[in-house]
Every structure is written in structure tokens, then in C-alpha cells.
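The following pair of complexes shares a single chain, chain A, combined with chain B in the former and chain C in the latter.
Right, the complex of A and B next:
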């Protein structure tokens, strides 16, 4: 505090404190608190507000466990996001390893630029591209028929398969960058030493590279999982009718059910799910928050 | 260093990965030129530019105010993007300056709080913003989208500015203050010029982040439309290759921006070296 005053003076210090306060309290903390408060209230007609019916209740949370379909969708979201995260890790790890350990600096720079381009293109458009590819009369079925792998078209957009494929495509870059950054700081001599001592390839990765890349892997998994669990657009484009994602149910409560209290409770449950995942990953891989926001 | 087979396998893998990365984009671009009501590349009917003329003539996209004064999606997206830049860049910068001078527990706590919005799903940011302001009597609309987007775009700005601040040579400021500069002058003549590259990048990225945003906007927009909302609702209700034409335009802008950015960074690195 003293350092701030001598360095920037009273006016500027005041401006810093006010700006930070308005942001963190007015735009982050209060909105969440109000949302949580709202989620514990019943959905009342305007005339009933303020009467004895207007009291706190956990009813909106109980709905999830009473409604079997919603509970199933919640589990599907959890399971689907975890699967998408794991697949992203499998796809991204070799790329990150190549960029950090094998590629020349020039190659790595070009490759990173190539990676950034799809990353900057809107998630909706990237998902839409898969919608075209996987369509019943689309190019994937067309190519497979021409080369004779299948005789009749396959309905790719059924169940959650296409959703997970779309998410892996959309979020792989979230995994590549943190894992790449983590491997980059690994001393190549360690890999050399392991190899000279006769370790097979899988063991070099399992015992040397992956332990070193743990913070990056954790960050990547957190980014992919929260993006997948919170995604609205990928399931709304690529899911078959009838296989919904939890975010779509939240949207329904707001704009079809007109029950915002119920929607807030579901939104808070989604937030808890993401938070639980973040904390579990940090626990399992023993990574602190400071490593995450790098 | 790697054995030849290992090298071959990883090269094949990288090849497949690049195809996987770009094939969908090429399919989408190609479909913009196919004369088929449904966007596809197979069967290829005929080459056409009609989806581009449809796109160009679409008032929902380009409109600059109809009789009710409602703007088209592009104008809305640009306005929200500019508003986000105007709010998030100063707020994020001030927060970074504050954090840079704190130590210990307070710093860790504030840092965690500032980074947290990046880990929260966008729809939850949208919902909490919507409920908070509705209960204060402010109805939904793009002003709420702006506020909601700022709550996490400030975090990006803060991280970018903080990264550069930590390399600032403090003796420069001290010298300026010792020689009689006011605090405002030291900020204006020493700190801000030093931060300039970060501030510019932060402004551009904030605008892009806002322009691309869908999840937060979806819940806060009221009845207004932005480019992402336009694309999403178009895909869900009777999609035509007009969306592919729009996709091509957006992809071109992205590629140009990415190339310009990397070329500038390389020249900057070359002149610095």
C-alpha cells in the first residue's frame, strides 16, 4: 500500500482501487451471490412476492434429483465432458511434444501459427463445419462409399458421438498450448539420459516427460472440461434430437419454462460441477492456482 | 536423436493432425460456392456466387437501423466490441498496476479472484449478469452483454499487462519522480509508453473476444442480435450456404490478422535483437 502511494500518488492509487473494486465486486462477486440467492427462492407470481410463500427453499435443487431425464442429462454432460477432455489430451500430447522437443524453432513458430488460426475462428463456425461433414448425405459418407468402406450411409449425428467429436475438434488447441509450454521447460538431457539407460519410448514419456508436463496437462484438462461442460452451441448443432446437454436444459428453464429461479439453481449446479473438477485436478496433480493462469 | 521409425510415425501423425485441423474449414469454404440449397460439397451441383450476393443483401446482418432504430448484427457486434475495449482495457490495466504493487496473501487472494472468471463457463457469467441487473431493474439488452463480457475480458487484459509490468525497470520511474515529475507525468511518460505494445495487443484481443462471444451474449442480449447469435439462429432454423459465405469472410479476416500479427512480432523481435 505504501509502495503504491509513493510510486503512483493518491489519485492514481484511488483509481486503481475503485476500478478493481467495481470489476471484482460489481461484475463478479455480487452477480454470483445474487444468482445463488435467487436459486433458493420459489418461482412466484408477482402478487405472491413478499407474502409467506416467499421464503428460502432448496426445492429448485431437488428438481434435478426428482426429474430422471434431467439427472440423466447431467450425468451425460459430466461423462461426455470428461471423455472429450481425455480425447483432447490424447490428440494434443504428441503434437505438444513434437513442438517442444523435436521441431526446430522455425518449424515450431510456423506450426503454432497454423494452430492459432482455427483457434481464432468462431466455435460456431467450426462446429458448423462438422455439421456439414457428418450430414447424412454429406462428404464423409460420400467419401466412405466411393472408396467402398460402407455400402449405405451411416447416421453420424445420433446420440452424443458427434457432440464429443465436435468438442474434441473445437477444444484441442486449449490442450496443445499449456502442454507445449510445460514440456518446453524440460531439459532434453533428461530424455537423452533415460534413452541411454535403455528406457523404452513409453517409459520415457511415462516417467520423465509426463511428470514434468503435469501442470500443463492439468491446465489443459481444466480448460477443456469447463469449455465442454459449459458449451451450448456444440450440442445444439451436433446432438441428435433427444440427446440434450445440461446447458440446453438451463436455457429451457429461462426461455421456455420462464422459471429463472429453477434455471439459476441448475446454472449453480453446473458451476459446482466445473469447480469440483478444477479442485479435483489440482488435488490429483498437486498443482497450485498460480501455475494455472500462466 | 529419435529413431527413424519414431520420426516417421510422428511425421505421419502430424500430417493427419494438420488435415484434421484444416479439412473442416476447407469443406465449409467450398460449400459456399456450391449451388445447393443445403450447404454441402457432395453432390457438387454447380459453381455459384449467389450465396455471396445473398449475404451482401442481408439486412439482418448489415442493417444500420430499421424504422424502429434496430441495428443489424454486424453493427451491434462492433458497438459491443468497442464498448468492451473502452471498459476492459483501462480496468484491466489499473487492476494489473494494483496487483503489481501488492505482496503476500492479499496479492494471492486478489489474483485468484481476478483469474477466476476465466474458468467459469460463459453461460453462467451471462445468467448471473442477467439476474443481477434485472433485479436492480435494468432490463436485458446488449448493454448487459457488454458488462458480462467485460467481467472476464478484464482478466485477459490484466494478465497481459501484468506480464509486461513485471519486467519494467523501476529505477526509470524513480528517476522521473526524483527529478520532479508528478505521478501523472511518470505514468504518462514512463509506464504507459512501456506498456504500449501490451495495451495494443490487449485491445485487439478484447475486441476479438467480444466479437466471438456467444455464451454470455445468448443470455443477456434481450432481443438484439449479434454476428454469433445471427449465425447460430440461422444454423438452427433453415440453414443456407449464406452462412458459409459469411464463414469465408470471417476466416479471411482471421487469417490476415494472424499473419499480420506474427509478421509484426517477428520484425519486432528482429529489430530488438
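Right, the complex of A and C next:
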């Protein structure tokens, strides 16, 4: 504070503080507070607003536990996002290890660029590409039939399978980068030392590489899980009609149900789920905020 | 238990570059053997071939008579101590030491006990539960030794493990390493560019330059009877005179140089009538009155002296490209010489060796 004053003077410092304050309060905190307020009010007709019926209630939150279908969707979102996160880790870890420890710097740069290029295309288009690939008469079934793996086409887009596949495709990059960064700082000699002491490959990874990469793995899991749980496009395109994602229900409350009170409550429930996941990951991997910030 | 290590015609190329050229050598079981050479001479490549991280392009590495081709580093009876030690920072000290036992499926309680025993050997018992980052450089060094000993290796490989330590600690660790080697009886193969380390600890030393093993011998032999000009100049200091062998008479010869004609021992490969180099150690140079009695005499001009405490290095201009260096016991008269003053120097034929003209490349 004192440094700011001596460097920029009173006027400029004051302006910066006011600007930061306006942004933080006006654009971040207040909208959230309005939503919190919304989520604890009943959805009333305009006539009833301000009458006895207009009082704070936790009903909107309780709806989730009263409505079996919504609760099932909530659980599916939790389970599906966790599964997508795990699959992303399984795909990303070998890639990250290869890029950080085995590839030459030139190879690593090329691979990382190739990983990023698909993200220059809109997410909707990328997801539609998967829709086409996985379609009943699509190329995947076609290729599998030509090489004789299957005799009749498989309906891939049923249940949550296609959603998980689409998410793994869309979010693996969020796992690769933090894990790659974490492994990059591992001293290669430690891998060789473990090998020299007789350790087989799996034990080198289990005892040396993974413990070292833990903060990166935690960050990757948090990024993928929150992106998956909050994803709207992938499930709305790739999910079968009977398997909705929780974000779709929130959308319905806001736009189709015109019940913002209920929608806000559901949105906060999703936020709580994500926060709980973040805290659980940090606890399980014994990683602190300072480690993640590295 | 220790094993001999044999290198048979071992060559290693990296693309166009030949890092190690046709090395033939048998390191005896229980021996402390050092590879000495400047950085880039191929000594680390040899160590990595013995440990199994890289394979020879040609030739065979045998440990205990057994061909090691196709056997990975995790299956060889060797343990490597890395230059930067490569301790596992996320494990406490005792788990570092016990890592090799963990790999071999030893139960946890037994691992802990064996780790403590090994930490006892390196006098670190009370640090078992500390984190590696809490230890000093010398303590980490000893943890690395204990970790390597834990797998009961038959051959211990050390890649310049003392280079990161300060002088006092390095000298202490030399004695420590030698003590551990003698106590365990394991074959030690030690890589260094520091001649002091190689000469003080080793049973035998192999001097390397540009991928070629120049000479193998006991430290005294390497120092007193260098096989090549490179060895003579890399190991210890030497005054070098270039010239031509005039006449040879058995083991002794006359060599004509720009500075004068001298009598000296014939070294390996030196032949009458051919260009050659004469090497004289600074401590064999006699100064002043003592020089008059020597068979070989040079009149030089004193330039400067470096007082080292127990001895003094005297530099003088004898018409060579580099100043001539003589090492003598400190005495006030030597330190009182003035620049340009005439200083007779001399050396005995037995203390000087003639070697064929060769490469003096050194770091």
C-alpha cells in the first residue's frame, strides 16, 4: 500500500483502488449475493411479492432431495465428472511423462502445439464432430465393421458413454499441461537412481514420479472435474435423451421454467459440489494451496 | 561379496562422435579403481555402460565373468552414486536408504532395521526420520552411500560424488569412502577429474583422454612413470621441454632441446632420433647451489614466487613457452629473490622422463 502510494501518488493509487473495488463488489460479489438472495425466496406471482408469502425459505434447496429424477441427475453428474477426470488422468499422464522426460524439446513443443490446435475450433463444432463419429451410421461403426470387429453397428450415443468420451476428448488438455509442468521439474537422475536400485517401471512411477507430480495432478483433476461438472454443450449434444446433465436442469429452471429462484439454488448446489471436490482432492493428495500455486 | 568387472574391446559412439574407444580393462574384485580424466574424456560413458544405462556400440562388459548384454540397470549387481546424489526428496532418510529393499519386497519392519544398521555404518543413525532437505551436503553424501550399500551391490559405481562439497569435507569424505570400501570389500569404481581424489583413494587409476584409456597403474606408477605426454601433464604439474632424442644408451638417453641437452630416462615409446618431450616435476627441480651438483643444469631468470605455507612455488624464465616451475621448502632466501635475478636450476636424470611427442590436451 505504502509502496503503491510512493510509486503512483495519491490520485492514481486512489483511482486504482476504487476501480478494483467497483469491479470486485459490483461485478463479482453483488451478483452472487443477488443469486443467494434469489435462491432462498419462493417463486411468486408479482402480486404476491411483498406479502406474507414472501419470506426466506430453504425449499428451493430441498427440491433437489425431494425430486428423485433431479437427484439422480445430480449423482450422475458427480459420478460422470469423476469418471471423466479419472480417464483424463489415465490418458494425460503417459503423454505428460513422455513429453517431459523422453521427448526432445523440439518434439515436446510440436506435440504440445498439436494438443492445442483443436482448441482453435469452437467447442460446439468439436462436439458435433464426435456426434458424427459416434453416430449409428457414422465412421466409427463403419470402420469397425470393415475390419470385422463387429457385425452390426453399435448405438454409441446411448446412456452417458458418449458424454464421457466427449469430455475426455475436450478436457484432457487441461490435465496434460499441469501434469507436464510438474513432471518437467523432476530430476531425471532420480528416475535413473530408482531404476539402478532395481525398481521396475511401475514402482518408479508410484514412488518417485507420481509423488513429485502430485500438485500438478491435483490441479489437473480440479480443472477437469469443474469443467466437466459445469459443462453444458457436451452433454446437450452427446447425451441420449434419457440421460441429462445437472447443468441442463439448471438451464431449464432459468429459461424454460422461468423459475430463477429454483435455478439459483441448483446452481449453488453445483458450486458446492465442485468446492467439495476441490477440498477433497487437496485433502486426499495432501496438497496445500501454496503447492497448487507453484 | 564383490565381483570383478571386465571391459573387452568396449567402444561407444554417439552419432559421429566416439566417446569411448576400444577400452580393454579388468578391474579386480574388491579393488578401488578410479577413472581419471578431464570432463568429456568418456569416463562417465564407461560408468553408464557398466551400470547398464547405455550399451556399448562394440565390445562386451562382464561383471563376475557374466556377459551383461541385454541386462538392464535394475537387474545388474551394481549400485550407482550419482554426481548430484539423486536422493528422493519426498521420502525421509530411512526410506531413501531402504528403497532398494522395498523394491526387493522386504517387509517394512525389517527394512527399517536394515536401514538403521546402514545409517550406523555412515554414522547417521539419529537422522533416520529427518527429511533429506534437513541434511548438510556431507550427510546427504553419506545417505547416498548407505542407499547404494543397501542393495548389497557387488560393484559400487561413483560418478564424481564429492565434486559438490567444499575442500575440507571433500578430504574427509575421501578417507570415509576408502574406509567404507575396505570395510565392505565391495569393488569400487570411481570417476573423477580430480587427481588428488584418484591418487589418494585408489588401488589403481586409469587415466583417460578423448575416449582412450591412456594408462592403467598404481597411483605411484602413474605419477612417477607416466606412459604418455597426456598423463605426464594431466596428473600433477610438469615442466615440459620439446626436442629430439639424440642418443639412447639402455634406459637413459640424451635429448636435445632449445634450452640445452639433457640426460634423462627413456619413457615408453620414445625412440632415438625422433621428436620427443622431456618432463620434469616441479618438486624434482633443484634451485641455486643445489642445482650445481645436478647432472642437468639450466640458467634461468627468476620471475616470481608463490608462498603456499609449507612450500613455495618458484617461477622462472628458462626460455620455454611457459614459465618453469620449481617447488621447494619455504625459505626466506627464496622469497627474497628479485625479479630478473639469475637463478640456476637443475635436475637429476632419474627424475626426468622422455616421452614421444604427443598430445598434451588438458582442461
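Keep this in mind: the second predicted complex is superposed on the first by the 288 of 294 C-alpha atoms of A that agree within 3 Å, B and C clash if a C-alpha of one lies under 4 Å from a C-alpha of the other, contacts with A are read in each partner's own complex, and residues count from 1 in each chain.
Just so we're on the same page, contacts are C-beta pairs under 8 Å (C-beta built on N, C-alpha and C of every residue); 3 or more make two chains touch, one makes a residue touch a chain.
Note that the coordinates shown come from a computational prediction; the quantities given were computed from them, not determined experimentally.
Is the arrangement of chain B and chain C around the shared chain A a clash or a fit after superposition?
With chain A aligned, chain B clears chain C, so fit.
Is A:203 touching anything from chain B or chain C once the two structures are fitted on A? First, second, both or neither.
second
Check the residue A:19 against both partner chains and state whether it touches chain B (first), chain C (second), both, or neither.
first
Have a look and say if chain B or chain C is in touch with more residues of chain A.
Ranking chain B and chain C by residues of chain A touched puts B first.
With both complexes superposed on chain A, which partner does A:49 reach: first (chain B), second (chain C), both or neither?
Neither chain B nor chain C is touched by A:49.
Of the partners chain B and chain C, which touch A:131 in the superposed model: first, second, both, neither?
Touch partner of A:131: chain B, not chain C.
In the combined three-chain arrangement, what's the angle at chain A toward chain B and chain C (CA centres, steps of 10°)?
In the superposed arrangement it comes to 90 degrees.
Which of the two partners, first being chain B and second being chain C, lies in contact with A:192: first, second, both, or neither?
Both: A:192 reaches chain B and chain C.
After the superposition, what is the least C-alpha distance between chain B and chain C in whole angstrom?
In the combined three-chain model, chain B comes within 5 Å of chain C at the C-alpha level.
Of all the chain A residues, which ones make contact with chain B and with chain C?
After superposing on chain A, chain A residues 192 contact both chain B and chain C.
Across the complex, what residues on chain A touch chain B?
Residues 3-4, 7-9, 11-12, 15-17, 19-20, 22-24, 27-32, 34-35, 38, 91, 94-95, 98, 102, 109, 113-118, 120-126, 128-133, 135, 137-139, 142-143, 169, 192, 201, 222, 226-227, 229-233, 236-237, 247, 250-251, 254, 260, 263-264, 267-268, 270-271, 274, 278, 289-290, 292-293.
Okay, in this complex, where on chain B does chain A touch?
Listed in rising order, the residues of chain B that touch chain A are 1-2, 6, 10, 13-14, 17-18, 20-25, 27-28, 31, 38-43, 90-91, 94-95, 97-98, 101-102, 108, 110-125, 127-129, 131-132, 135, 147, 150-151, 154, 159, 170, 173, 177, 182-184, 186-187, 208, 212, 214-215, 218-219, 228, 231-232, 235-236, 239, 243, 247, 250-251, 254-255, 257-259, 262, 266.
In the complex of these two chains, what residues of chain A are touching chain C?
Residues in contact with chain C: 187, 189-190, 192-200, 203, 207-208, 211-212.
Going by the contact rule set out above, which residues of chain C touch chain A in the complex?
51, 53, 72-75, 78-80, 82-84, 86-88, 90-91, 99-100, 102-104, 147-148, 150-151
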